[in-house]
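We call the chains A, B, C and D, going by the order they appear; numbering starts again at 1 in every chain.
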Amino acid sequence: MKLAGKKRIWADYQKEIPQDNYFYVRSCIRQNFFPASEVTFLRILRQELGKDIYEHIHHTTCSGIGYHSDVIPLETTMTVVARQFALMTEAGYENYACSCITSFGLYSEILETWKHFPEVLEKVRRDLKAATGREFEVPKHLAHASDIIYKMRHEIASRARYKLVNRYTGQPLRVVEHIGCHYSKMFPSKGVGGAEYPYVLAGMVEAWGGEVVDYPERRHCCGFGFRQYLVQANRGYSVANTQKKFESMAPFKPDMIITNCPGCPYFLDRWQYVIAEMEGKTYGENGFGIPVFTYEEVAGLVLGYDPWDLGLQVHQTAVEPILDKMGVAYNPEKKYLGKDGQNLGHPETPAYSKVY
Amino acid sequence: MATDGQKKVVVIGGGIAGMEAAAQLARMGYDTTIVEKQARTGGNVANWDHLFPEGRLAGEVVQQLYQKLSPVRIITGSSVKKADMLEGQYILTLADGSVLTTDALVVSTGFRTFDAHRKEEYGYGIYDRVITSADLEGMLNEHQPLFPGRHKGPRRVAFIHCVGSRDEKVGNRYCSKACCAMAVKQASKVKELYPDAEVYCFYMDLRMFDRRYEQMYLDAQAKSGVNFIRGRLSEASEDLQGRLVIKAEDTLMSKPLKMTVDMLVLMVGMEPASGARSVAEMLKIPVGHDGFFNATNELLEANCSGTPGVFLAGTCTGPKTIPETIADARAAATAADAYLRKKS
Amino acid sequence: MFRERFSYDPLVLPFLLGLIFIVTYLALGAIRMIKNLPAEDKIRLGKSFFSKQILLSIREIFNECLLHLRIFKKNPVLGYMHMSIALGWFMMIVLAHVEVKLYAPSRFNLPYYPIFFRYFVRETQETLDGAVFFFLMDFFLLMVLSGVGIAMYKRFNSKATGLRRTTRLKWNDRIALYALWSIFPLRLLAESFTSGISGGSFLTRGFGMVFETFVSNDLHVRPTWWAYSLALGTFFFTLPFSRFMHIPTEMLLILFRNAGIKHRTTGTGIAQTEIYSCSRCGICIDACQMVSAARLENKATVYFIRELREGGRHNAWDMASACLMCRRCVEACPVKIESTLIRSALRQDWKMLRREPLSFLPVNHTGPARVIYFAGCMSHLTPGIEQSMVRIFEKTGTDFTFMDREGGICCGRPMMLAGETRAARELIDRNKKIILHSGADTLVTSCPICYRVFAEEYQLPLKVQHHSQFILQMMEQGKISPEFREGTRVVYHDPCELGRNSGIYEEPRKVIAAMARIEPVAEEREMGLCCGGHVGSISLTHHQRRRIAVQACNILLAPSPDAIVTACPLCKKTLMDATAEVPVVDIAQMVDNPELLRKHPNPVLQ
Amino acid sequence: MAVQFGYSINKSNTIDMDTAPRAMESYLLLHEPSFARCIGCGCCTATCSSGVFTQLNLRQIQLRIRRGETQGLLPEIQKCMLCGKCQMVCPRGVSTRNVVLSIQRALQLLS
């Protein structure tokens, strides 16, 4: 491996990420999967970094899930997206920041389409006007939320309480970075570091003291694949893809996985449980799985936020081994307590997956 | 050297096309000068080890061409920066400020190999054991071991055809013509040097068009034991041992295929030489979308640029094999001769 | 009555021991071979001893084992060589015994006595009464010696005896051969040296007198008789391990054959007898096109059989799988060893994996019609033949149905040739159902490979015809009458399966002769050439096959014909691929469209 | 299994050349060297007499052996009637009949 070669590519794929004043849109499914991640993002930007970041109450789905599941045509999707842009325009923002990778990919696709086919843009403007009476401006910048954390990675590092370092050995933690397919595979130039060797998460890992693991199936999809998961009969295909990744990364003995997509952490996390239950196979140390995090969670951990405030208790693959390795203080007693201190109940103990 | 009344020809580019054209023009009695950007003549061919189909040594072939250049003036390490037409003559200003006048020009700017970095997914420049066909020629030429200090046991090598050719993604729709035969040649060579090695060629189509090439292909299969897999490489990655895991579809099996190899050779295609565009602008030579020069009539006037007195030779008009390049260079010299005779 | 010098001498021991050994060995061997016969064949053999078959056998044994008439027919020099040694030696033995019976009846029961008679007795008035014996013994000794002389010369210069190649011998054969060669010169020496004492005739007496002029004969008597006895002993001891085993075995083989014992699939019984009957004369080497064209000398039948005899099953399998099964070697073989049947048997011996029934093959009925036409797989690669046949059927108003128009089940012969008898049987059963269901009274096929299996294995209650036979029949009935093309000269290529292996030589020739002049070819009819395409071979490479095809073409084209006519789709296609000089036309196409006989108009190809 | 998921993990259909069994390929290359000459043109399959009735595909069988995908080969290869048409049409001169027979032998020896 020649790092210089990667740096050369990273240098080729740099995008302009705005410094401040973001119009933030949430993901549909993250609310359910890892609900604390988006909250953490806002907390970091507003409280740690003092940025102006605005959310609109009337924001809806971008309809990407429908689009990628072949149930909504692109023109409809475009009009829905145009409405989000109208909300941004009405709120006086120009920098559009989204939480969801699929949304990001879809926005990139739509913006690129409009650039090459202005007549489509005009039609969408007419359609939106006719349907809602709204008008919109095309965002000046489109950023994925991970782009913003990437941009702020050194500032975060400067405030870090913990580093991605194994406190027992002093060695950097070995981190697998998994990029959502829709981040840059379609438009390499829209992602930090391009499509083949994306740097957006690798940059965070490096800044926070970790070591990135490059393994053969790095580029492979997490297995979500929309239709492949949505239909129960197809789930064997979904989990097979996840398994392929784990089989490929396991020899590298990674400590953790960091992701920047709503679906990926969910599937990399849950499918480890399913593989363990079906085949009795686990991929981490001591019979545990490999803990999977969103970049917001990792940022929160680095900044010293309480793991339970980061929502790490909803992870199916136990996160405690990595918390211990990093030396993150946590109270096991409080793991399943709600915000108001009420006991939320303890999940059932699985047969094979090892949990705390 | 020039005698009075002797007409002058300048050849831009001293690769094998330029060398052959210059030698022919000098033989016809013209005062001929080669302007070569690099420090030596021979162009890309001088970088090769041996040449298909019969395995002649590239160095010897270039040397044979060079031996015919004694009456030719060779300016190396320089390039034409400016060209002005004055009374039927061209006045060329070179990089060092010197000026040449000439009655005709043969443009033989040739090709450069595709920059394999641009196929990022193949990991050239990132993974240690990914090399290009040009690199392999260099290694063979210098008798470098292909698998230095690696683990024992049989080694595996994969040759990837069409890297930078027939690929809209890098803007090269055309076939580079010589790489299929070159891959088969190199694959056979690797088997000859390392009989235990497993050698694979990943091809899209095998374009073995010459009467000798199919025999090369057959020998590679039947005698050397080279394996052929129809499918284009999708991506390469490194495993824990630093070997390369490559993925492709075996299209004849309709199944994805992966294998771990010790060396990945990217058969880089031909692109117009880096200075070709400026020469084209200077001399008003029409250029195709792919950057290669367009002759006035690709069938019957394949060496005519459309600009009076400017003739095209070799791979500046598109990928060619060596014999085609030599034939083309001679044709360009003949066309220039016809022009100069008519002019006088 | 006569003056006996000795009645015993240790010098008879090598001979005597050898004789005891060989007689025991042969007796046991014969018993083993007979034991190996299947039960019904044993009964057949037993019955044959009490019928006129035994007389036939005796005659054949006399003709072939002594006179070697078949070799004579093939090659008179070789024939003489074999006859002189075999008959000469036989006569010497017989005469010696007669002599002993006449002059020393009391010694007749000593088995060595007749052989060393000349050594034991002294010439007397009484023995001189039998001067004719002296003459005859010398005469036959000379005869044998002339044969041995030819044999020696042949070893060093095979072409002189009409053989391009002679068998490469192994050490065991060489010892036996040199022992055999030395027997008769030694006998001559020994007798010459004793001729002064025991008598002799023109040869021995003559030599004895010459020798006497410069050596002392007496001193040489014992050493030469010792040497003679040793040569005999050596020969007897090495015989079972050498090619000369054919001498006794062939007699057994003749008995077996005349008893009607047929080849079975097991590779034992008669096959084993045949293997031992091979004299390694090497006539088959020249007949084999794998040798002459594809330069695969070691694949020749003589070596294949030797390999089998010496237990090299693996190599033998290799040799068996290469063979095209054209049967030219069988045709050439003086012993008529059915080596292709032995090869077939060996191919079957390679047990294939369990085979699932070929139930996926449908039985697609066709007809009813009077004639059922089976083009054959290979004819689908030469659609011109099929089209021509269809037109001929239509033109002759034949009520026919085309059994495999849309592709059919293979006739089964290729399977059989590969040793897959059971699977072949399945194919046969399916096709048979279709054929019988059609209600036809005649089955016509375009492919001689199919023809042979239809005729030999299907046991169909209807007439099986190759299309050349059908066409001839139509011509004879006046339903088609092709015009004779004045000036057109063609050659006819006998397909192996149609000619040599099915005996159909004349019908195609008659059809062709009605349309063009047939030029004779150097090798035709029984010794017709194989085109090299035969499915009989399993392992022959494309290049080796092509060499055979080119060889066949060269011989066929020697008379500069306008076209090569053949009667087999496989031959046609193979020869076509090997020559561009003249058109290669099937007989059916020729009848349907005589224009095809015109030489290629393309001068480049000529 | 503790939990009933209603699905199971799909097996990969990727050809993994690192683990593919190559014994049969080696056997064929040794015993019928013309096997190496195949260019996958498919003439054999197109002309196949058995192909009229079955899915017998010699081109693919050849490839399967080269990629170690030899499971279930026996019933496939036994669909061949050995008629020899494929051998007649093969542009590369592969002795296809011996390929078929050698595959059967290899299956026997390697089983």
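Basically, a residue touches a chain if its C-beta (ideal position, glycine included) is under 8 Å from a C-beta of that chain, and two chains touch if they have at least 3 such contacts.
Computed from a predicted structure; not experimentally measured.
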A-B or C-D - the one linked by more C-beta pairs in contact: C-D
Most widely separated chain from subunit C, with each centre as the mean of CA atoms: A
Cα-centroid distance, subunit A relative to subunit C, in whole angstrom: 84
Whole-Å separation of chain centres (CA-atom averages), subunit B against subunit D: 39
Distance between the centres, which are taken as Cα means, of subunit B and subunit A, whole angstrom: 46
In subunit D, residues with contacts to at least two other chains: 34
Every chain pair in contact, whichever chains are involved: A-B, A-D, B-D, C-D
Subunit C - residues contacting subunit D, complex: 321, 350-353, 355-356, 358, 360-362, 377-378, 380-381, 406-410, 414-415, 418, 420, 423, 427, 533, 535, 538-543, 546, 570, 573-574
Residue numbers on subunit D that touch subunit B, as the complex places them: 13-18, 29, 33-34, 36-40, 59-60, 63-64, 66-67, 69, 92
Interface residues, subunit D side, partner subunit C - complex: 32, 34, 47, 49-50, 52-54, 74-75, 78-79, 81-85, 88-90, 93-95, 97-98, 101, 104-105, 107-108, 111
Touch list for subunit B against partner subunit D, complex: 206, 217-218, 221-222, 225, 227-228, 230, 250, 252-253, 255-260
Touching residues on subunit A, where the partner in the complex is subunit D: 232-237, 239-240, 243-244, 274-275, 277-279, 350-352
